[in-house]
Amino acid sequence: MTKGEIIILDDTCKGCALCVEYCPKGCIQISRDKFTRSGALLPEFINPEECVACGTCGNMCPDFAIEVYKFIDESE
Amino acid sequence: MADRMFMTGNEAVARGAIAGGCRYFFGYPITPQNDIPEFMSREMPKVGGVFVQSESEVSSIYMVYGGALAGARVMTSTSSPGLALMQEGISYTAEIEAPCVVVNVSRMSPGIGTGGQAGQTDYRMVVKGGGQGGYHCIVLAPWSGQEIYEQMQLAFHLADKYRILCFVLSDYVLGQMAEAVELKELTFEELPDKFWALKGTDKKDGLRYMHTVGWLNYGGVISWHEALLKKFKRIEENEVRYEATHTDDAELLLVSYGSTARTCAKAIEMARAEGMKVGLFRPITLWPYPEAALREAALKAKQVLCVEDSNGQMKEDVDLAVRAQVPVHYLGLWARNSDQPNGLIFPERVFEEIRRLL
Amino acid sequence: MQPKYFEVTFSGLGGKGVLTLGQILAEAGMQLFKHVSYFPNYSPAMRGGESECTVIFSDNPIASPLTFNPAHAVVMDPASFTTFEMRLKPGGIIFCDDSVISAKGERNDIEVFHVPASEKAIELGDLQVANMVLLGAYIGKVESVPVGMLERAVTKRFQGTRRESLLELNKKAVREGNLLARKP
Amino acid sequence: MSTSEQKKVLVCGKPELRTGFPSLYCPGCHYGIITRVICEVLEELKLGGKAIGFAGVGCSFGGAPISIGIDWASCPHGRAPAMASAAKRIHPDALVFTLQGDGDLGAIGLGCFLSAVLRNENLTTIFLNNAGYGQTGGQLAPTTLTGMKTTTTQQGRRREDGFPFHGAELAAYHKAVAYSARVTVHTPGNFKKAKRVLTTAFQKQMSGAGYSFVEFISACPSVWGMSPVDSVAYIQEHMLKEFPLGEFKNIDSIYD
Amino acid sequence: MADRMFMTGNEAVARGAIAGGCRYFFGYPITPQNDIPEFMSREMPKVGGVFVQSESEVSSIYMVYGGALAGARVMTSTSSPGLALMQEGISYTAEIEAPCVVVNVSRMSPGIGTGGQAGQTDYRMVVKGGGQGGYHCIVLAPWSGQEIYEQMQLAFHLADKYRILCFVLSDYVLGQMAEAVELKELTFEELPDKFWALKGTDKKDGLRYMHTVGWLNYGGVISWHEALLKKFKRIEENEVRYEATHTDDAELLLVSYGSTARTCAKAIEMARAEGMKVGLFRPITLWPYPEAALREAALKAKQVLCVEDSNGQMKEDVDLAVRAQVPVHYLGLWARNSDQPNGLIFPERVFEEIRRLL
Amino acid sequence: MSTSEQKKVLVCGKPELRTGFPSLYCPGCHYGIITRVICEVLEELKLGGKAIGFAGVGCSFGGAPISIGIDWASCPHGRAPAMASAAKRIHPDALVFTLQGDGDLGAIGLGCFLSAVLRNENLTTIFLNNAGYGQTGGQLAPTTLTGMKTTTTQQGRRREDGFPFHGAELAAYHKAVAYSARVTVHTPGNFKKAKRVLTTAFQKQMSGAGYSFVEFISACPSVWGMSPVDSVAYIQEHMLKEFPLGEFKNIDSIYD
Amino acid sequence: MQPKYFEVTFSGLGGKGVLTLGQILAEAGMQLFKHVSYFPNYSPAMRGGESECTVIFSDNPIASPLTFNPAHAVVMDPASFTTFEMRLKPGGIIFCDDSVISAKGERNDIEVFHVPASEKAIELGDLQVANMVLLGAYIGKVESVPVGMLERAVTKRFQGTRRESLLELNKKAVREGNLLARKP
Amino acid sequence: MTKGEIIILDDTCKGCALCVEYCPKGCIQISRDKFTRSGALLPEFINPEECVACGTCGNMCPDFAIEVYKFIDESE
């Protein structure tokens, strides 16, 4: 079951690819056709199932361009 | 009537500053103004203020800049080479419009000069702006202990009123000489809160403030400079100060500021005693310069003699005012009684020049 | 009755205490005159050089604290004597420590008043108070302020300072100098 | 495990103190990550409303004030410690810190910084070590590694250009410094450590312990001429050899 | 004919300096002149010289001062805030008469300004002397790559000839723009040996030299200043440089220097094409200022328009020359095409102003 | 013992490099004794004709050039190391040294000095520590002892005025410094040691070992408000407690 | 025969390579014209901002390298299009990358020349050479210098540098752009 | 037999009394009536017999105001 979700804010992302580098689960990848504001290639959230909502990509994004959400079981 | 106290010009700087609400003094030793920081180091704590000896004049001006942005009434004092080191900082205070007061007890220059004796060679650095340009500072030029004491208070007021750096330009002679000073506390119009001050506490309006670049504050470079020019214009319209004495019938107009104007005043006493019609025009603000008033006085007289312990500094402003319509003579540092560092321009020598010209 | 205007220049080598004389005299004159000015000229960056100071008393505002041709001068070394003999106003008086100044002067239109100041100071036990002897003599002759006022100014200067122990000696030197001037 | 409702909770977003302005930094610049460290520490310590930052000339001159929502002044090159000293003397209860590049603090501002230390000012300095002058396009900085090419050492830094400058060690050497450490943000683990270190540094100031100093090793992909990802590797392989991480000093008070 | 090479103004500074015999460059990075130190760091060693990156502009000027006293041809380059930091040092070089060259690639001020784009706001700091006063520096104001290249050589010659600091005042536009430059090596009259140079070796005359204070060198303060004034006079008599084009029939005289003068030249081309009688007076030395020549040209024309990317800096010198005898208009930085830092004054805008006035 | 003829030989007179000018220093000022140390060492090393001195602002600004007969420049306050750096780069074979007071080097010139060190300049600095500003009449210097009264710390130096500055130790701390020592001339034995130390320092420069630094503790009777004789005792009893004598560093080359 | 005067402004966001275009064009023109000027305007202190540069070729001395109303403009982003559509001289031509610029322009007295530069660049394998495509197209249409000269200038620019490997691609982009312009 | 002699140069001596302090043999003393140029009291060489020509007074005089001579037996 999916534990996390990230949202990449394409208006602030600068396409540095650090999130790709830091995600321990390989959930992020640079796209081939989506562009950032300044014309660089945008990252994409490609493996939602693997995401553990660890927050690493968000913390390490220099441009505050990633929001990380965790799915929490209400009953727990 | 306020108390009278016998004090040197340098002491009047310090006491006047405290009367003007200054509570933070940042400074570095340099002759001939060491008694100012020395006085402040002793007195500041007594009035709940702080004295910090900086490690250099470069730091002095940045402490003043930082202190001004923190919202306090702050000042430094220095002498010529020290002021030269402050030029970058002065320009920054102009950019961000940080209100503060800088006292220059000038000495002979260039370079190390005489190491701390008489000289009025700093006119251009102070009046024209020696830093990266495009700005003005208000320059007050007192000629007595009393004026120093009062102008220090005025300086803090004008600085806050216009968010500008206000100079008080003293010199070796004014700093050393002692006279009785009436401890008159001036009152000024109330000024608005420094809402923009950095205090590290939430502001009344809930906003944080940042002081980064001038042009951003006004939305653009032209807008910023237009705002500055407008401010300068307001100051030129409202703050020109000068004193004209014996100018009504004068056939020779002396133009002089600071201690040298005192020397001229005495020479004029001597000349008048012998029936010579001599007047004195004394700019009290060197910026804004009392150009129109000077032109009027100069045109009325048949000729002008500019006296300055310098080698031709203020003359340019006199020329600008007079526009070559009457002759402008210049008596500079070569009128000193001695070639040695302790040489001075004495009233007797100015009187001699008056006699020569009339 | 006091006349309305006095001017005097004190001159000597640094360390001899000429600036002190001016300060004390100015302080004393404060009570009596509407306007007092004091101006010292010395090299702040060099010790032991020539220094001088001028004190002016007046009932009118003082246009300038500087005067090149003072009416009175008190000199403590030979070079100062030469200088101020030249600079003195006609009719002026030059006071000199004749223990150290041998020159007698050339001008006929001024008075040279000789004070054996150093001698008297050594007699009093300390060469350092030669200046005070001269000050006392100056006041004895010129009477711009009463000697009592001068003594109070001396007291004010020394009391509560590190050098308070020297107060009595200094006052005595002033008095002795004063007597020297009144004698003739 | 029941099939109960799931709630979506934000675990990492924009800190409150991070303003809405996009950063002025280049893609992949670690100054952006350090921005997060500063915001989060200030928030955790609840000092956002008490903080005054003094940003030196360099990429963070405008970059920091624009992105971190506290009181700020941008400072002439090298002079942040003087300005901060005055502010702290005037508002002793505020948290006053400087944020300075390695050229700003280690070159033009070295005297100003050390003099603030020598005056026992109660300040915190955040020192940004990117081994070069970012803002002006990549000249030699005091921190440039030996042999490293810059636009003013095009054959690599030589003997006569000096040895690399060690800020954290020099700070620690001084008696008036209560706390000094060097950190990086080039891995998630180091990011966390950096937060702890900066927390301690700010606490030292608030408790009056003495000057506190935190050096951040920071990647500058633009000037280093590398991709952001390669820059991270460069830190690990080269920067950390010259600039070891760790706390160099941690005392309760300089006055004991 | 000498080789031609396409280069930016900043590169022309560096190449011209080397052609002028400069072998020691001391400098600190600052926009928009970073390519000068960068070039020098690469090229100096190739010509047997040394490049040192100082830790600040304060140190730059003192390295230059020390290097000048050591007898070498030395220079630094910087931009506005950096130059402000050099003011104390510049004054010292004037005191001891140390020959050296300082290039200011000016940018908009005050304060941090635009961080490195167009601006001519430094006129007063450079021309009037921003340090502790009583001195002048020669100020050359080139308007093309060719002039930069040649004036760099001239600057070193004049510096040595008069034992004075010689400025070359460039700006963002001049520094960035590229043109073909003829690599012409200028020849100058032979200059005497620097017998006074500190070399740490016994001198030819067996004397050691010390450079301590200016007044001692001349025996006294007045003598020293008289010697300086005499030197300044000699320079004023011999080194005034300007260019007057289309002034014979001009009914409007444009006065402008540096890159802005180029803008004016183009505007004049446009105006002449429409039959308007407009001329250009371009001071090439800002000190000594071509006052007499300007007055003559101004009086011939019916009016004057001073154009400067500034808020009123050179105007004072124009006013001094013109003496209010014909109207002097001013077109300043508000004539830029944009309020943002990258705004510029374009020829088209100046042309518009010409049309308005004629 | 025969009653043979006796010859009178000068065993101590004016060194050749000491000019004929009377000194500008106050009575009992140790700068005069240090003048002898410098003259004699230069003569013994035969470096008088190769030396260029750069005197900082302070009592030795004019005092040193006037009394020591070598090439000199007097330098703006704090900037001697920059001027000396240029001269040494231009004349690498000359012996180039700076002579700087504790205000000159430790306050306004601290950055300039350390930056010369950080550039690996091959210079010698003679640091005159008289615990105050002599020339300007006795203000606080970075070296002023805690509790010591000066004209700007009239109740004695306090915490918030900082701790005393240790030049020789700070120099030794730096990698680019090959030699650093602190000496005095307050006893004849120390006078001799000072000569040996300065000799070593100059030799380090001539051999290209690295920066060399010699701190002289020096009595300033005028500003200390003591007789010259009492000042000597003050050095022994107070100055040396804060400023221990000795060599803090002595290596053959900074490049090993 | 070449006319005697050409002026063109390149404009786009930093990083897109507009300054490079100007430098290469100026270099190429050096062989053919007596006078060439190049002036770039950008924020040296901010990366990624707007930048532009102007190149002028002339057989007469160039009064000023600045022109507010160029005859030709090559624009790489929408904002630049808007700006230069306004600034262009009547009768001028504006070259735009129509892969990224959708605006078609309002003025009737100028020509808008559309170049699918980014598309072509991606086709060639690297978006980064979109600028070269535009340059080739510009020269193809305006013919201020022969395309061979331009290619030599490109070679000079890349040869012996870190980016030499990109030389062929860049030359190819210029050629392709050139063809795009000559086609109609 | 006298081993040494010192000459005090009264035109450069500043009367600081350091020589008196440093002479290990007590050969120097401040006079009561001779003055230096600036008016301070001059030191005097009072015990010539004790002087060992050690040079200390000369070395330690800040004003180079003492010349120290040694008497050397020619026959030795």
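By written order: A, B, C, D, E, F, G and H. Residues from 1 in each chain.
Throughout what follows, a contact is a pair of C-beta atoms (placed from the backbone, for glycine too) under 8 Å apart; a residue touches a chain by one contact, two chains touch by 3 or more.
Computed from a prediction, not measured in an experiment: that's the story for all the values here.
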Q) Steps needed, at minimum, to get from chain B to chain F via touching chains? A) 1
Q: Would you mind telling me which chain pair, B-C or A-G, is linked by more contacting C-beta pairs?
A: B-C
Q: Starting from the mean Cα coordinates of chain C and chain F, work out the distance between those two points in Å.
A: 41
Q. Once you find the CA centre of chain B and the CA centre of chain H, what distance in Å lies between them?
A. 54
Q: Compute the distance, rounded to whole Å, between the mean C-alpha positions of chain F and chain G.
A: 64
Q. Any idea how many Å lie between the Cα centroids of chain A and chain H?
A. 87
Q. Which residue numbers or ranges of chain A touch two or more of the other chains?
A. none
**Q.** Residues of chain C touching at least two other chains
**A.** 44-46, 48
Q) Counting only residues that touch at least 2 other chains, which ones in chain E make the list? A) 31, 34, 55-56, 58, 81, 88, 92, 96, 111-112, 114-115, 213, 341
Q: Could you pull out which chain H residues touch chain F in their complex?
A: 4-5, 11-12, 14-18, 20-22, 40, 53, 55-64, 66-76
Q.
Using the touch definition from the top, list the residues of chain C that touch chain B in their complex.
A. 23, 26-27, 30, 35-46, 49-50, 62-69
Q) Which chain G residues qualify as touching chain A in the complex? A) 13, 15-16, 48, 127
Q | chain E residues touching chain B - in the complex, by the definition given at the top | A | 58, 80-81, 83-85, 87-88, 91-92, 94-96, 106-115, 119, 121-125, 128-135, 213-215, 219-223, 225-226, 228-229, 310-313, 316, 319-320, 323-324, 332-334, 336, 338-341, 343
Q | Partner chain B, residues of chain D touching it in the complex | A | 49-52, 54, 61-62, 65-66, 69-76, 79, 82-87, 89-91, 93-96, 111-112, 115, 118-119
